[in-house]
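Please go over the structures that come below.
Two complexes, one shared chain (subunit A), two partners (subunit B, subunit C).
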Partner chain A sequence: MGMKLRKALAVASASVLGLSLAACGGGDSDGSGGGSGDVEGTKGGTLYYLQHFPFEASDPQRIYYGVQLANWRRVFYRGLLAFPMSEDAEVGTTPVPDLATDTGTSSEGGKVWKFTLKDGVKWEDGSDITCEDVQYGTSRVFANDVIIGGPNYTLSYIDVKDYPGPYKATPEQQAAFEDAVSCDGKTITFRFNKPWADFPQAIAGMMMTDPYKKSFDEGEKSQWKVLSNGPYKIEGGKWDKNKGATLVRNDQYDPATDDPEQLRLALPDKIEWQIDPSDTAGELFNDRLIKDAGNDQYAITTARVAPPQFPQITGAVEDRYESVLSPYNSYLVPNHKKITDVNVRKALAVSLNLNGYVKALGGERVGEPGETIVNPGVSGAQDNPAFSEDNDNNGDPEAAKALLAEAGVKTPYPIKLAYQKSPTTDKAMAIVKESWDAAGFKVTLEGLSDTYYDVIAQPDKDVDVMWAGWGADWPSMMTVLPPLFDSRPNVSSTTCGNDYGCYQNDEFEALIDKAANSSDIEEQVGFLQEADKVLGEQYAYIPLEVSKFNWLRGSKVTGFATTPASSAYPEIGLIGVQN
Partner chain B sequence: MWAYAARRTAIGLVLLLVLSFVTFVLFFAAPVDQARYACGKQCTEEQIAVTERALGYDKPVYEQWGAFVKGIVAGRQFPADPEVRAAAPETVSDCAAPCLGYSKLNAKTVNELIGDAAPISIALALVAVVMWLIGGVSLGILAAVTKGSIVDRGIVGLTLVAYAFPSFFIGVFMLKYVAIRWELVPLPRYVSIEDGGVFTWLENLLLPGFVLALLFLAGYVRMTRAFVLESLSEDYIRTARAKGLKGRVVLFKHGLRAALTPLVTMTGLDLAGLLGGAIITESVFAYPGLGLLTVQASNAWDLPTIIGVVVLAGAFVIVANIIVDIAYAFIDPRVRLG
Partner chain C sequence: MTAPSSDLDSHLGVPAETGEPSEAPGAVVSRSPLQLAARRFLKDKLSMASLIVVLLFFIAAVVAPFAVKFGWIDPLSSNQDLLDEFGLPIGDWGGISGDHWLGIEPGIGRDALARLWYGTTFSLAIAISATIVAMVIGVVAGIVSGAAGGWVDVIIGRIIDLTLAFPQTLMLLALSSVGLAFIHQTLGVPNGNPTAAVYVIVVLGLFGWTGIARIVRGQVLSLREREFVQAAQMIGASRRRIYFKEILPNLWAPILVTFTLMMPAFVSAEAALSFLGVGISAPTPTLGNVLTDALRYADSAFLYFFIPAFMIATLVVCFNLLGDGLRDALDPKADR
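Let's turn to the complex of A and B:
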């Protein structure tokens, strides 16, 4: 699945998910970095990482925040595979070996995958990382009553039935799991019930198959414990949800078993990871980085620069500023139970003043108009002809009126538009209303608050069009189109799941079935591109903006960059400080 | 008398039960599927049902509430699922009576969470109380003795202006300008006495304590001013002055003693209402006390923690009221007869 933009916004830019890729650094013409950020780092010193929201867990199988997955892959939790720290979109989204000796071998049409562990890889307590640790970590995901909150794609792939996880499995159930995920010396074999072509991408980004040491496990009591196998460990071994931790070097980590240039330079000797979960923390962190005093000169932050702070990004501060495309897209979804005529949905799309909408959000530093729901950083992303052809994004009310006439509906056509309320979205949605009202619709705006996604998931909602946001979990369209538009896993009598418009289309579902059964990535991408075209022809969604992330850093931070692997957040594996 | 006390205590207990039940009902009335939220978005309906069972959310509200009440009396063990407890005893958390529940979100009992957070809120409250008492009473006396002067009007006016701004605004202003831009004080960050010593602990409490104290300061200035002025107009003060006592002695020895008595009562009542102010102050300054705990629990739909904090806060208010009622009954026999 991917993550909703809700958390990304509500948690103040903490990307809840998505290991997806965003186009990388230096997106703004004047935001190509500079200052010490361009200086090659040297080992040593203390980096201050200012984080404006709390994590939900430090247990690898429970981590789902995209920024946490990306950062902790560099500092604590090495996986079988990992994404390299390249700023190049293609290289940065191609997994490379980490704990494994290679990127794995598949057989039986993508239903079986094998990996072999490297020699000499250790936990911070000095014990070896074994195949059984990988097997055990994989099994924990199945205990979704104990290990809650993490990504659990493996549940629907691993070829085992009714396995409740290691905590309450009978010996027979455990044996069945160990047949499906088996160890032979250092080689682990995953057997799936269907092909999984993008499995390497999934496990490079997510920690569903990361090793976990059984003797260290205390079930849900392990939520805040960290047993590192990466270059750093936590002083005291426990992450403090509201305070963070001090990271020091892990003396059991051997760079010879790693590929530091590609995966983690681990430059600072110490990282002071400070959490401030207050609502104002993000803005205040950036105030501190603008001021650039004391230890803040050695600081980076998870908090994006807020639009009201943009006027302060001038002079020397601008040298420490970066604007990049994020992994998040937002879009509008027609309620297919209420707007059944495709011409009416098309009229909504063609009359939308998308340029005005983006401007109301804050302009080019906040986002750029999207031509598809698929983020540019996702493998195979391409403009959807339904939205990119003959479209200047200013809205065409006359064309929309003609479509409504063709549909034979009474005008003004009433539309109730739901969105997640904030002062900024109020302004942006007012632009949408204005452009649609001019095209023969009569729009009522419905700004909703915290339970927004729960409300729009309801099948009997009294809403015609809904705003939504999404970021891919890993750089595959498989984590965008099926989770959002496949009615089969989503729609039931009580919910439409992530398919907020309750959309159902046989042609689309046949195409994603073909994609899911592909053993070859390129073939899979082809089917998914076709599926997106079907969505466009049906106007199953209307793209809004690809959002941007705006970053500041301290003046003594070196090697600052964002990468596809870091979900467009600061790439901690590359960053150091001046000594 | 004892019958009256027992009756008030029984009513207090019933109120607590009602409070906890209403919180349960309100929580489940929200349009959020708790099990789906906990299980994650990839979960199938079957997996969500498993999670719902494990969290105990598959049971009727009254049954869940019954388990909660039983936990307060007899304690509980978590996870709630007996199968997991039997198969994996290393994962079991004991929650002794009075058990306020177990937060799956934090993997801790609610008692532990409150135990971690309460000292921070208490420290903040203590600093704030000292500040508003010293500041409020001193400025109130100064205003009273300079009645009608520019000093008097300045003090009353300025404290009212400070009172008029919401504490959220003042907190952010203090952080943004006083701490960050002007660097007049270090950025506050909660440090326990064990970690930083008394000085660092206190230094980091000054700014948030001041913001919390401002909420109450204006009231204390005005009340002190009014009480002192009233007291100074009494006959016995005139007598004291006629006897030739110095002005300072008249004010501090005779005038203030009478004026401050109602302020003590007021302070007691304000202490009970501090949690409301602490929620905002702790949220702005990110002090992990009861206020921030409450906000985080509400944002994450962490029912056990919400219930625990509500019951605890309710218990404080109810106990305080019972004590006051009983004290009144001692003082005024008409109360217990009524």
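Let's turn to the complex of A and C:
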């Protein structure tokens, strides 16, 4: 269930990527540190949030959009844990307690996790949030015929068999679930069938174990209802899919039970959350922010600035502009069924003119060259020596020629390169072709359209190298390396899944097993770093760019920032307006 | 056909300008209809100018592959050192310089002139091929329909109606994956651009023949009542002989005119198809590919956008003017 980058164009166009399922991860704000002007954020005022696509639900257990998970954690739905609003990659990817009193204690080698709820935490109707609410919320994910669309990692971990969710469960099934996820006063205990070392990270970002009040639940009809426990509530209680809502203060929320500095400043008194789902909305919103008139001075948007608008970002507009690393990485995968010689794969990596590729995409505002497939916002990310050492990213055709000679293959070596077609990627891939052609390859470009990922998942595809993009579901390498390169969950006779190159390596898979069975997060990260090195030595992938997001805001907006926790979208917990 | 007398009069006594042996002054010169048409055409300055422009395009298109081969132009090499950090050409005029007469492509820095020039070759080749396919189908259908009459005429008429009723562009897009697979697998055309080119040619041809078919049918309806056709029927000529030896030679005027009018439509259609992602794909340039990319820079690199757009417009307009001029010359009685 990773979040795929649907198109390289998505980096360039404001609409597409926002629609892919996204979750945690993120990037550092580069440069200014994300602060908006010199004005200190003050309480009060109305913030306008312009959104260019509709959410798919407002029910916590159904939410999977990265920007929605991040923003709604700050305004409506507090979790047991949450990621702090820090721009520091290390701090920002380390969960802190939210509804729970601490970050949880694990036992039995990471198979059992315990959390205790704080006192005084309340729903917007004034009732207390109980351990049973957490238990009930967790159980709803299992009803995957009713509660559709959300992340469902808990299904494969929670130690219960054949549980159909709370709506259809027999008393025995329900009892079995309540054994696995049990309540004792304010303490909730999760029992898993295997160790889950990065469980705190998984639930800090995603809402799989968020509390849900049973008496409020109407099953399918709950899709657009919101029962808040955060600093804001919706006027009228219902989210309008294509219009949004007006958010006002929730008088039942007690900041004393919270950690506002770290988790949610909740500065504006009111948030007008306005949705325009039309195709041109994104560009329109940014045009309005460039003009900065009327209420747009108090506005932020989910729509990223598209490259055609870059030339307008000069002078005063540039002060209201931010270019930040996104949680998405692009990479090339060699088809391991076709290119079996590691030296040939290495020659591809060595000769790649990555700097030129990024420039053709649109330059430093669109992305920066990556040295690994792991996004800098993922904890434990470090440069992969295979790509960072002796490689200036300009491409070295001579070294590649020597490698091809060593491999003893006939040159020019034919390469069919598949990618998702757009005018921008056409150019960027032409640079790849040029640099590889100069190194003794003969590249044919195959620009494919809509069903791109279906095509490159086929096991018998007739391509040698493929472009792909990925973003982590939560800031753990467990949501990057195994989904993309572990052949066991991916490869079958009919598909290679997300392991597009049909890569299989015992050493790598042994390290993944060790990481999965780690009880300790440090130890797990260590194994995964080793695993990435193995991938590098094998040239199982070639990193391309870490994409960047480009943001504009109104001139009266304060505290604008993006954080790893906000998936590089605006961190609404920090943002206020001048009165 | 008979030329109008006024036209004849005006040329009486004037030495021929078309290189025929000149006659003695005052003598009555006999001229074939073709000669008369040529004289009328040569007098039409607009048409002559269009003809020259069109010929220049064709010469350029024929020369381009050799120019690439001998290294005079290079449509594929990048020059990223000539771009700023956002990938836009350095300099005010889209990077126009002694080396790059029309500037360079943003993002990658390929020579704009080379891509436009080389792209013309592909675009014209596809447009001509598609026009020929459409003309052959249309002329044959028109002659058969007009000359045979009866139920054959009715069936062909209904087929024409059906083809006209098809939403062409949508069908082109919808059928592209099936069509491409068929051309690649069944006909054995190499995958990639050759397949795409064949697909575009075939589909443009299959949807573009109806106009000429109707014109030809109309002409044939009047021709088949003429004496020479009836004479041929009387002496028992075969049907095929009557269609293609007796009737067809009398149709060249409308065919030529339709050809010149259909070409520009197909040049635009190819550009539109490349724009929609069907057709010749990158990095090979066509006028459509170049324009598709250029459109995105209409704001930031205006010249880079304007030049290919202007070129396509020029080509299409000149072809249309040429077609109009030819029609006037060949059929002066036609109303405008």
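Definition applied: the second predicted complex is superposed on the first by the 547 of 579 C-alpha atoms of A that agree within 3 Å, B and C clash if a C-alpha of one lies under 4 Å from a C-alpha of the other, contacts with A are read in each partner's own complex, and residues count from 1 in each chain.
Methods note: contacts are C-beta pairs under 8 Å (C-beta built on N, C-alpha and C of every residue); 3 or more make two chains touch, one makes a residue touch a chain.
Just so it is clear, the structure is predicted and the values come from calculations on it, not from any experiment.
By the touch criterion defined above, A:387 lies against neither subunit B nor subunit C after alignment on the C-alpha atoms of chain A. In the superposed pair of complexes, A:498 makes contact with subunit B only, with no contact to subunit C. Contact with subunit C, but none with subunit B, is seen for A:433 once the two complexes are overlaid on the shared chain.
Once the two complexes are laid over each other on the shared chain, residue contacts for A:447 go to subunit C alone; subunit B is not touched. In the superposed model, A:64 lies in contact with subunit B only, and not with subunit C. Residue contacts after overlaying the shared chain place A:55 against neither subunit B nor subunit C.
By the touch criterion stated above, A:278 is placed in contact with subunit B alone, subunit C being left untouched.
Once the two structures are superposed, subunit B and subunit C can be ranked by residues of subunit A touched, with B on top.
Of the two partner chains, subunit B is the only one that A:148 touches; subunit C does not reach it. By the touch criterion defined above, A:287 lies against subunit B but remains apart from subunit C after alignment on the C-alpha atoms of chain A.
Touching of subunit A by both subunit B and subunit C, each in its own complex, is seen for no residue at all. For subunit A in complex with subunit C, the residues that touch the partner chain are 307-308, 310-311, 356, 359-365, 421, 423-424, 426-431, 433-434, 444-447, 449. The part of subunit C that touches subunit A in the complex is made up of residues 76-78, 80, 83-88, 105, 107-108, 110, 192, 277, 281-283, 292-293, 296-297, 299-300.
Interface residues of subunit B, counted against subunit A in their complex, comprise 30-33, 36, 38-45, 47, 50-51, 53-55, 79, 81, 83-84, 86-88, 90-91, 93, 104-107, 171-172, 175-176, 180-181, 183, 187, 189, 283-286, 288, 292, 296, 299. Residue ranges of subunit A in contact with subunit B, taken from their complex: 1, 54, 56, 64, 144-146, 148-153, 155-156, 164, 166-169, 217-224, 241-243, 274-281, 283-284, 287-288, 291, 293, 450-451, 454-455, 458, 483, 489, 492, 495, 497-498.
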